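In this document, chain identifiers A, B, C and D correspond to the written order of the chains, with residue numbering beginning at 1 in each.
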Amino acid sequence: MKENIVVYHYEQDVLNLTNPVMIVGLPGVGHVGKFVADHLVEVLESKKIVDIYSAHFPPQVMVEKDSTIKLVGNQIYVARAGHLDLLILVGDSQSSDTSGHYNLCELYINIAAKFGVRRIFTLGGYPTGMVNSEDYVIGAVNNPLMIDNLSQKGIEFKPSEPPGGIVGASGLILAFSQFCGIDAACLMGTTSGYIADPKSSKILLEKLSNILEIDVDSTALDEKIREMEKIVEKLKDSAVGEDGDYDEGSGPYEPSADDDLVYFG
Amino acid sequence: MKENIVVYHYEQDVLNLTNPVMIVGLPGVGHVGKFVADHLVEVLESKKIVDIYSAHFPPQVMVEKDSTIKLVGNQIYVARAGHLDLLILVGDSQSSDTSGHYNLCELYINIAAKFGVRRIFTLGGYPTGMVNSEDYVIGAVNNPLMIDNLSQKGIEFKPSEPPGGIVGASGLILAFSQFCGIDAACLMGTTSGYIADPKSSKILLEKLSNILEIDVDSTALDEKIREMEKIVEKLKDSAVGEDGDYDEGSGPYEPSADDDLVYFG
Amino acid sequence: MKENIVVYHYEQDVLNLTNPVMIVGLPGVGHVGKFVADHLVEVLESKKIVDIYSAHFPPQVMVEKDSTIKLVGNQIYVARAGHLDLLILVGDSQSSDTSGHYNLCELYINIAAKFGVRRIFTLGGYPTGMVNSEDYVIGAVNNPLMIDNLSQKGIEFKPSEPPGGIVGASGLILAFSQFCGIDAACLMGTTSGYIADPKSSKILLEKLSNILEIDVDSTALDEKIREMEKIVEKLKDSAVGEDGDYDEGSGPYEPSADDDLVYFG
Amino acid sequence: MKENIVVYHYEQDVLNLTNPVMIVGLPGVGHVGKFVADHLVEVLESKKIVDIYSAHFPPQVMVEKDSTIKLVGNQIYVARAGHLDLLILVGDSQSSDTSGHYNLCELYINIAAKFGVRRIFTLGGYPTGMVNSEDYVIGAVNNPLMIDNLSQKGIEFKPSEPPGGIVGASGLILAFSQFCGIDAACLMGTTSGYIADPKSSKILLEKLSNILEIDVDSTALDEKIREMEKIVEKLKDSAVGEDGDYDEGSGPYEPSADDDLVYFG
């Protein structure tokens, strides 16, 4: 098979987007970015415009609620939000090999350019290692001119943070955008790094809405936060070895309302 | 060498298959699927029509009973069963690297299409993590229209199960078949996941025979089940470190009647 | 993307280098070589002439002090030192896969040849496994005619040492240079192998200056040595699990004056 | 760089070999095969005819006694032995990645064919897991017609042994030879699998000489056996953690007369 397969469901001349902004929320630390992007796809009136399959993704299919399979991949949705057209990149996975990250991020940017994107926000989590740390959103940019505006909208900038840099698509997309002259920022919500963190996602969503000057209903995220709190309570109550040793994907179990919460960072 | 080498021993115009069905049983969880497919090759009057070698397989040869070597690979056999022509894909190995899975599954589907295959069943095991669990066969499909018929034949369908999706050829083949408009289902027999499980294979074979409306003698599988029970008894009796530390492939030993049973999942 | 992206900021006909010497100091054992090369870039009046990006590097961006990102890569600087033009190859990373090492080292040598380089010194550390061992610099060459001169300048040569050979760019560059008829030596400062070792770097810098017959101010390295001594003291004082369990890149922390020192070999 | 670089020092029309036999002894279990092939290169009047470098080998150079470097690679020597021309394939390494094994073994067979080779013997070790086991040589072939003759020369053949097949070049070369119609056998000397085993090599050499009907002085191997016995004695005497924790390649040490003996399987 070709290295990547890209299926376009709509072309730019049909969509006729004006000043589109790309939002990237792929799996990563605490699923903080993924929850925000998935939430945008759900609550906004979105439609899928691109499917991306790649030999760099894990060799795996997911099983849907109706027992049909879906090949692991990434998808791009388009949604109108206030005065903006959002292109939202979501998916089950990032590349499972090093060079694939480079290959896929170049592909994402080529698609972004094709649809006329001039600004990109990649969303991620920033692990603090502490369970009850102060919540904020830290940023990194590929153009220093973006910092003033983002600071005013509540994004924090700290010298050389994260100290280990940014690994994966959230970082590489900033670099490849820079090569193409597209402004891009990575926004990272602080999170413990141990569990899926929809609470951090909600804070990240608020900052992002503020930056984009759009209104997004966050009720569904509140629901996810409550579910996650229940799971954490259950984990606290249960002895290790009883309920606590769930090994993702290794056997049948009663699926919870939202499987994405079953995440251990 | 080329990425893959495919040797055709018979072509479609010679075989003149009508409405062929492909059965896939490669190594995997509990060898449940492999045992069924190997059994079909043995008990049906089958002949090998394709040899597949690939740089994605382990760099290894197996040694036959007559001390000649055989390069690790996959094979496709054809066999008449009732009113059907079965194409049975078996082999020593799946891809040893991620992208190889994509490459090989596309190859399998190309071969299937070449021989006019319109339906595919991939066979696998579904690990429950429990040694004495209830035995059943769970299914996933690439076309929801298949579910009704399969349910009537005793296949269970549960929303979003397996929760971690299906990894490897059994899953990818469903996805690639879908791209080509070939109906395909993955049938997974429940198994502990710890040892080779011919008992689960027998149940899977019964369901498959039921679906295909063919009769298959399962005596040889019964033999395998008894051997496996003996091995399990021996493992229970022996202290760890005496008989229990067999490391596959690391040294000479008296080969048992069926080496495939020496499997630790 | 192409396997590698090379951006030239100056061409040879503009720079008009005479008898240039290439110095290579990439990350490795104790960062001994990296510290020397980075130091040369800092203290000499250097300018960047080449940027190298590659899908063989980790998929990662670093965050600068002004919160802008920088794609992981290698850089070549040019600097006048005494009667010599130095081309100094530095960077955040070596290849993250085997074949990438071959690919990148061939690229380095092609660039060296393009700029007329006739001598190359690759700098590295030589792990002794002992914390308080005698400090010296050991050498290996791709042309035995180099040994006499280097011995006179204080480089030690011991038969078949290092016994395990030289792994990575420092070694491969010698081999690729040999194919092109460029004289090259690898100079390795002894170091414990457990921590970043600017003290070893200083000794290596002195030998290198001696060989090149240039004067280089080493004050900045002295500063680094003092900082490292403080870190080691702190590590000794702190109980394991209190201060000692710093996991690089896993969370926010107050960046020290020099992050490169936070290294565990 | 190209995937592989092959340097021919002599061509077939110059060497004018008649009925050449290829012997393959690359690093592997107990270095049993490597010791035999290296020994043949030493004691016979051999000359190097081919150098093979590859991006599939580790990115590493070895350091020679005169402190010059040598890129990790494989070499083919030619030597007259009795009535035969031997092509002896030796080297520092096998492929460090899966697909590289396929690539390199095809290359070896292409070179063999180029020089008119009609018979190949790959040499290896067969790990028994026991320190004081009976010594013998087991064989596997790519043509059953070879078995009678080899049995008469003292090679043992046991059904389906080794049970895990033959991994790496020793096995793949048999498969690729078969595709080209070249007869090939793998001869494996039994060995514990824990340490380098020149004693097993000597037995393997005797059998090989017997098969080829040539005389080979084995004095140098006797020397190696005595050295190995000394090392084993020393290991027995020394407490673990004193002398026993040598980690190959991790630091300076006094090189023994033969570094190849410092091997832990």
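Some notes on this structure:
In this section, a contact is a pair of C-beta atoms (placed from the backbone, for glycine too) under 8 Å apart; a residue touches a chain by one contact, two chains touch by 3 or more.
Which chain is which protein? Per UniProt: A, B, C, D = Proteasome assembly chaperone family protein.
Since this is a predicted model, take the numbers as computed values, not measurements.
The minimum number of touch steps separating subunit A from subunit D is 2.
In this assembly, the chain whose C-alpha centre lies farthest from subunit D is A.
Centre-to-centre separation between subunit A and subunit B, using Cα means, comes to 37 Å.
Remark: subunit B and subunit C have CA centroids separated by 52 Å (rounded to whole angstrom). Counting partner chains per residue, subunit D shows two or more touched chains at no residue at all.
Those chain pairs judged to touch are A-B, A-C, B-D, C-D.
Looking at the complex, you find that subunit D touches subunit B at residues 95, 98-99, 101-103, 105-106, 126-130, 138-144, 147, 157-169, 171-172, 174-175, 178, 186, 190, 193. The residues of subunit A lying in touch with subunit B in their complex are 1, 55-56, 58-72, 96-97, 247-253, 255, 259, 262.
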